[in-house]
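Order of writing sets the chain letters: A, B and C. Residues in each chain are counted from 1.
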Amino acid sequence: MVLTRKKDRVDALASTSTEGMSLAASAFRRLRRSPVFLTGAVITALFVLIALFSPLLAPHDPATQIPELIKQTVRARNQFAPPQGSYLLGGDQLGRDLFSRLLVGSQQTLLVGVLATLIGLTGGLILGTLAGATAGWVDTTVMRFVDVLLSIPNLLLAVTISALFLQANQFTVIVAVAIVQIPVFARLLRGTMLAQRASDHVLAARALGVKRSGIVFRHMLPNSLGPVFVQATIVLATSIIDAAGLSFLGLGNPNDDSPEWGQMLSNAQQYITSGHADLAFWPACAIVVVALGFTLMGESARDALDPKNRR
Amino acid sequence: MSLLEVEDLTVTFAQKGERPFTAVDKVSFTVEPGQTVGLVGESGCGKSVTSLAIMGLLPKRGNRVSGSVRFAGTELLSLSDRQLRDRRGSDLAMVFQDPLTSLNPVVTIGVQVAEVLERHEGLKRKAALAKAAELLDQVGIPDPHRRVGEYPHQLSGGMRQRALIAIALACQPKLLIADEPTTALDVTIQAQILALLRQLVAGTDTALIMITHDLGVVAGLCDEVNVLYAGRVVERGERHELFAAPRHPYTNGLLASIPRLDAPRGERLHPITGSVGDNIPWSGGCAFAPRCSNEIGVCTETAPELIDTEGRLLRCHNPVALVKGEA
Amino acid sequence: MVVVLFVLSILLFAWLRSLPGGPVSALLGDRATPAARAELTRTLGLDRPVFLQYFDFLGRAVRGDFGQSTAVQPGSSAMQILVQRFPATLELSVVAIILAILFGIPLGYIAARRRGGIWDNLSIGGSLLGVAVPVFFLAFLLKYLFAVKAGILPSAGRQDAIDATRITGFFILDGILTQEWDAAWNALEHLILPAVALATIPFAVIFRITRAAVLDVQQEDFVRTAESKGLRIPIIRRRHILRNAMLPVVTTIGIQIGQLLAGAVLTERVFAYPGVGDALATAFQRKDYPLLQLLIIAAALVYVVVNLIVDLSYAYIDPRIRNR
């Protein structure tokens, strides 16, 4: 088959891209019917809504120590204000309204998750595209670097990075958690791009004399992004959990006026074993539910994108 | 008594939330000992499903099988899984389409042949491996004693198909089903594998069901040919007669679409237009009608029956005329 | 592999230099006298060109000299602390990964066999939950339920203060070797809760990979071939399905072992278990950088070694790689 006329050429290329579309489209169609995906999507949507409107929803100011609750708090004896009146979950260890803190905490938690994922994704996209688009020494160098980052356990790497900052704050937590995700994204993207490079439609584009940048950005990259975005959904969950781990190790944001769930959880940890698990229980529950929501969405999207699962 | 009597075999796949799909629709045929029978048709016509149903290898869930498959007088469809396992590999055996994926990549060839012998002939591992080497030799694998210890990836495609044939014939089955055994192979290897199959079943009691979309394969091998379309037999006849005078437009089309070296220069091929649809119902007329060159009014109104005329079975309202040009 | 360690050493060197206050404050802490600072600057050769400093660093690292611990156990060298604490973490990790494998693979297999059933859905839900729960919260919960409330298991440490003979540094093994059964039992009791907490994530991941791999392999053509031979079900399962499904599982186990130290930092902390993870957490909080760099290198070294073992065992079970 010889493609001589320009129209044929366009048709040949168009047909490959519609094929890509139909894969994504059919994946999406199946997702809409998947109860697992819907559960995850509903949880996520609720979480985002609560985060957006929490200042309006919260019955009290999350940073104010309420005298009424302080009176009932004797920290030395691990005694905290029980649920009462408008204080649905009682007071925390400093006599602040736990329920309001939980609601408002969703904001910072969402921020940590989204920003960490975005930074990690961007870094991963740059490194991955660099490695996947160029063979040879650039690829090798980038991948060695990635290998090294992968050889240090996730949390350890995050902790190592946060040690570079003089004073921990929300921003350092986000950066530390984000950098950990870069190698994961980079490796995933490079893998799918290499597979794309060997694929027929990239070969066809190359045979037609399409420029390298055109091949990379119009053909290889768009077709490789599916798994990366799926991974991003899952990273939303892990970065929230990792941030909680950092807080636990004392490397979280020390300022708890604008609360974050991981921080709330680690500040309350010491009371768990003395029989006051509820202070830690609620933020932990919130983390688990939200992490589960993201994971459910990501996992079912991954299944749906997997061509093996197509009938 | 025939060796295999398939009667009104029907396989329906039903998935939750989807319309049930009848892949095989009241298919009947018989196979005599030592006979070679062809099942021919395009992909999707139900020929592979037929063979899997005979072997009892259809997935356990999501399908309904009815009708009857009698093997040497025993109804296979009513056997328990256990009884069926005793038959498979010893009385009935099967060779699959893709030799690249049909062998276990992490088990040696020798063990994959030997395990059939251990299972059905009660041989111990050592004796079974020795016999396996013999079998590999019989199917034309050179240096069989070394090959016994090798893994599938160390063998070429043709060699792997030979190994699969050795596995299938290890216990001298009465019936061998070959499902497109040459499709995945190079053309030169295809001929070798066909020659091997013919040589192995010729002069023995082993009957062979040859499943293929390639009439060329059937021409050199089969005594009787069944042509399937959309889950039903549309024409059946003795090999020479069928090739000399195809009556069903589909059979005719299949023959006309084979490229021939001896055709006059400049003559065009006559492909059948369209392809087998997923869910063509026979209820509202002939399933082949939309692609048929001989279509007449009645074809889209009532489905034709399978009618026996002088030993030829035919399911068509308007068959191809008997005398056609030089035939 | 050597390359990985080499790049790591450069990164670590750069890391040490970019710590807040520079390496001197990092190594000596904030309260050091100016004299001590000047002394260290000279001994570290910080007045010399950067690349020479790097080779100094490399030379000392190769000799195992990572300096004195500044905060965790002042007076001991970093290496001493590692050697002293490593057996505890190894013991914990080995038990945890064995637990994860022992439960993950069979449960994953069963879930795949009964795909879509109650067990399948329950265990998938459980494994998702296992990944979503922060490890340290789970550890606290276990400690609260079993140690504080029910009081059936000890809540902290590696062994009660009992008179036990030390041979290998692995307390359970020591107890067995010296036939001091109560010592071995006591150490085991201390190990159970942290090991369970540490095992959750690897268990969840191994479970899911096993399930996915078995589902994949089940529909392979060669399984149909095996069925067509009339083989007995146990042989089909073991020889044809499991042996192939184990390939991705082995890789996963390797990755999980590499990540184990991260979990160990959290669980050892909660259970005051005197291992490397606990030392790491303390070292971070008290900015004990000499100890930190050694522990990070050790973690990466473990990762590299585990990867090597995984590659070798992969070659053992996958002939396609062995014969290449």
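The criterion applied here is as follows: a residue touches a chain if its C-beta (ideal position, glycine included) is under 8 Å from a C-beta of that chain, and two chains touch if they have at least 3 such contacts.
All values derive from a computational prediction rather than experimental measurement.
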item	value
Chain contact topology (line, ring, star, complete or other)	line
Farthest chain relative to subunit C (centres taken as mean CA coordinates)	B
Chain pair bearing the highest count of C-beta contacts	A-C
Chain centre separation (subunit B, subunit C; CA means) in Å	54
Between subunit C and subunit A, distance of the C-alpha-averaged centres to the nearest whole Å	24
Rounded Å distance, subunit A centre to subunit B centre (Cα mean)	52
Contacts with two or more other chains, residues of subunit C listed in rising order	none
For subunit A, residues contacting two or more additional chains	none
Sites on subunit B touched by subunit C in the complex	55, 57, 84-90, 93-94, 96, 98, 101-107, 111, 115-116, 119-120, 151, 153-154, 164, 167-168
Parts of subunit A lying in touch with subunit C, wherever the complex brings them together	144-145, 147-148, 151-156, 159-160, 163-166, 237, 241, 244-245, 248-251, 262, 265-266, 269, 272-275, 277, 280, 284, 287-288, 291-292, 295-296, 299, 308
Residues of subunit C defined as touching subunit A within the complex	3-4, 7-8, 11, 15, 18-21, 128-129, 131-137, 140-141, 143-144, 147-149, 155, 216, 258-263, 265-266, 269, 280-281, 284-285, 287, 289, 292, 296, 299-300, 303-304
In the complex, subunit C residues that touch subunit B	220-222, 224-232, 235, 239-240, 243-244, 247, 317-320, 323
